[in-house]
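Heads up, there are several structures right after this.
Next, two complexes with chain A in common: one pairs it with chain B, the other with chain C.
Coming up: the complex of A and B.
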């Protein structure tokens, strides 16, 4: 039996390690386990980017119709990730700042950083400039659900808030209180 | 014939002894000179050979093999260090070539170590080293790898070629594989990497305790295999990455 790469129905290329049965078991040897965890983290981040998924929950390990099923299970070899195993990987991701707990103060659900907040800040700013929305006041909703789909479509508000915060530090964005909640104004780069 | 007695006889004897000694030292001097000139000729011939065939030696694996065979049959080690025959390696630049290959072998062994636990199949190693060298590097053979590993020995890094069930493997961890582990690796190779206790009990006549201890040691102590607790038949299977058929 050769361990091969595989293209999923959603067009994602699974690495060959995904067809290795022991990949779906937590390894008792700590060195081996850290290697496996690193492989899993890489897989989760690339898949999240491919499908534009933001939230990963422990429950995703159990639901066959979960958005993450293509990577969390492998029907071809009849293996699946266990919830406990997934939970440990999620903790490792949060420890490495590749995700944050969302909502905070629990460990069963994370917001996956397939782009770091700093990268999101640049993507956001670029989109604002390109769509000619500098200096206008925008609501969060206008960013997360724009008329024309953008790279920011569906971005979770906590992540958006972080990105705006980063732009704020370089004087490129300003939070503004508006009638029905919060808004933001983007400013031209100062020199 | 009457032999001379008295003092004159001593003189005569001394004299003939001296002239014999002179003659013999002259003879040996000429022999040494002769040898020197022969050696010089040999050197020139070798140097000529080395310079004309340098490129073929570096680039053509079969030529290189023949050349090394020839060298070992006449008792010349082309790779001998500076202490003996260093000029030879110098002429060919083969020493550097071999050390460079050694570095590439170490590179591959170290980068794949986390995947295979420090045990790599020879053919896989040759493939990965060739890939690393790129097209311009010229092809290399198992023979070259074995030689390079020998040059690595003084470093004490523990690189070793081991033969498991007729298959050559290169070990890059300083861990002695005990006999049981060797048997397990052989079983794993037949099964595409998967080993379970029952195989060892049925095929090798081991007791369950022995099988379990050997497998658990490989798993937990040595990190040479991975655990699969979702195995359909026995629930707990061990997988040896170096024996699995990876596509890439």
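Coming up: the complex of A and C.
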């Protein structure tokens, strides 16, 4: 049975392994399973980037209407990801620092790092520079939901905070407490 | 006629309950019945009530109950018949009678009433109450010992006589007997001289009246008495008509009555479990051994019974052991025969191989026409019988050191597994033995088969496990041992090593797509559990991967039949071909 790639309605190109039923079963052999997990992580990250999805929950394995259904389910071969399997993959992602638990101290949902916080920091700074907002004080809301859609639209606040933290270390951003919450001021590069 | 001979008249005015013995029980009654004597209607007994008890059958006449009522002991009935009735003829129960009938002489009547006396047991001094049935009255109710042997000589007289044990009645019955036998045969019984004091004793005494010495038995006289007595016309010269009575049920109730009668006959309550129930039994005992009859009572009787049963058991045991011995001898013959057959087969095949053109070999009883396939078939049958070893089994005492012993055992085991050593040179084929058609075999089966083949000096499992490592050097093709993670141990040939099986399985899956364990076991012609073990091992090596239908969107889960399909490991060497 030759396995082929498949393009989803959202325009995502699924890998050929996604149409192999064993891909959806957790393999008892640790070596085999580690390969499978690797492929899954790659698939999740790629798809998250494609759809700009940030949060992955264990419940997404069960729900047919979830944002992740295109990769977690394969109607063509009648297979879906089992919650237990997904849970193990999420643990593996967190271990590899490709995701963090969000909210922390639980393991049912993760924040997927389809860009690493460092990458996000660069993206954020570029956007601020490009949009000429250096030295102005901005609220988080202005970043996550700008008038003109950007790469940062809908970025979860914890991730944003992390990216700002990284910029702050290099002196390019400064957290400011304002009346109704928090704000940030971006500074020009010191060097 | 049957009615007169087998029945005894009773006073029907007395209620039936009052006529019963103490150990007798009234089971059923039916009125509106008539009696047939033989096949004729008995005119005096045409309307009455019939009662069945555990011991007897009563007929109480409705009109003239005092004269025409009678009772009959159930012990006379040897067969019953049931007739359901047709049109105007009513339902009938026919009783076929047998045994010595009762004659209704005056002495008998007296004797019959004697059973209503109470008597004292000689052994335990228990005063037995009157009113028991004849059988029960003959045995002490407390200790189960029969009444004194003094009365036993008169057992040939109908049993009612036995009941008299009080001195006066005993004397009376003895005199009546004496008088009758005197009148019938005209033969005076001689007085018995005591061997000790020479006193001439009265013939019916068993011990001397003066010195209580045991007297020799009065030879012949008493035993001849019954045969010469004029009572009881011989049963044999009666026709069937005279030996049956019919009960005609004019007012129905026949079916339940018949059922009760049958049950009562089956229970045989009148036999009572006592000794000396049947007159014939006692007469035999008396004539064979006088002491025996005396010994039947008291402790010695009990001891004798114990002795007899012990002797019987001993005999049974001896018989059984003899059977076993005979079987062993036969088994030895069987093994020898099989061994001979095997040798002849070897000769025949060898001869066939050497001279393929020759048509006959003289001495061999098996014609040379025996084809090799047939020979192998016979051989395999022999091996299934477990008698394949041509020479004797190897035992420890035949070998000098242990190492050599294991080697010898391994060689023997190799023969069991692969048949006799292949002389022709090409070593790939296994000529016979347990692994002839199989590449893999469980260790327990090998052990069982080997011990079956040895028959004697069985190999303990520990020794067996020590022999296994030596096996590879004695087998061709090499047989190896393999232990699965589950603890299953097998012996296998080259094509069933893990690597070879894994490669074969991967190829198979690659060629024909995913398969279930069942499919693979069918393909490999191995048991499912064994194949499951082997696949698990391959999976451990990463040769295959699984697809669990538990991950199905619709259906799936346990209970839906196919649950696991095996795939070639498609993860290994997979290169990402999805979206970057």
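In this section, the second predicted complex is superposed on the first by the 191 of 191 C-alpha atoms of A that agree within 3 Å, B and C clash if a C-alpha of one lies under 4 Å from a C-alpha of the other, contacts with A are read in each partner's own complex, and residues count from 1 in each chain.
Everything below uses one rule, namely that a residue touches a chain if its C-beta (ideal position, glycine included) is under 8 Å from a C-beta of that chain, and two chains touch if they have at least 3 such contacts.
What you are looking at is a predicted structure, and each value in this text was computed from that prediction instead of being measured.
So if we stack both complexes on chain A, do chain B and chain C clash, or do they fit?
Because the two structures are overlaid on the shared chain, the partners are seen to clash.
Could you look at A:176 and tell me whether it touches chain B, chain C, both or neither (first, second, both, neither)?
Neither partner.
Of the partners chain B and chain C, which touch A:29 in the superposed model: first, second, both, neither?
Both partners, chain B and chain C.
Touch test for A:157: chain B only (first), chain C only (second), both, or neither?
Touch status of A:157: no partner.
By the touch definition at the top of the document, which applies to A:12: first (chain B), second (chain C), both, or neither?
It touches chain C, and chain B stays clear.
Between chain B and chain C, pick out the one touching the greater number of residues of chain A.
C
Once chain A of both complexes is superposed, is A:137 in touch with chain B (first), chain C (second), both, or neither?
Neither partner.
A:43 contacts which: chain B (first), chain C (second), both, neither?
The second partner, chain C, only.
Where along chain B is the clash with chain C: 95-103, 131-139 or 221-229?
221-229
Enumerate the residues of chain A that count as touching chain B in its complex and touching chain C in the other.
1, 3, 5, 16, 20-22, 24-25, 27-29, 31-32, 35-36, 78-80
Applying the document's contact rule, which stretches of chain C touch chain A when the two form their complex?
513-514, 539-542, 545-548, 550-556, 565, 567, 569-572, 574, 576-580
Across the complex, what residues on chain A touch chain C?
1, 3, 5, 12-18, 20-22, 24-29, 31-32, 35-36, 39, 42-43, 46-47, 50, 73, 75, 78-82, 85
Please give the residue numbers of chain A that touch chain B in the complex, ascending.
Within the complex, chain A touches chain B at residues 1-5, 16, 20-25, 27-29, 31-32, 35-36, 78-80.
Spell out the residues on chain B that touch chain A in their complex, using ranges where they run on.
114-115, 117, 192, 194, 219-220, 223, 226-232, 237, 239, 241, 244-248
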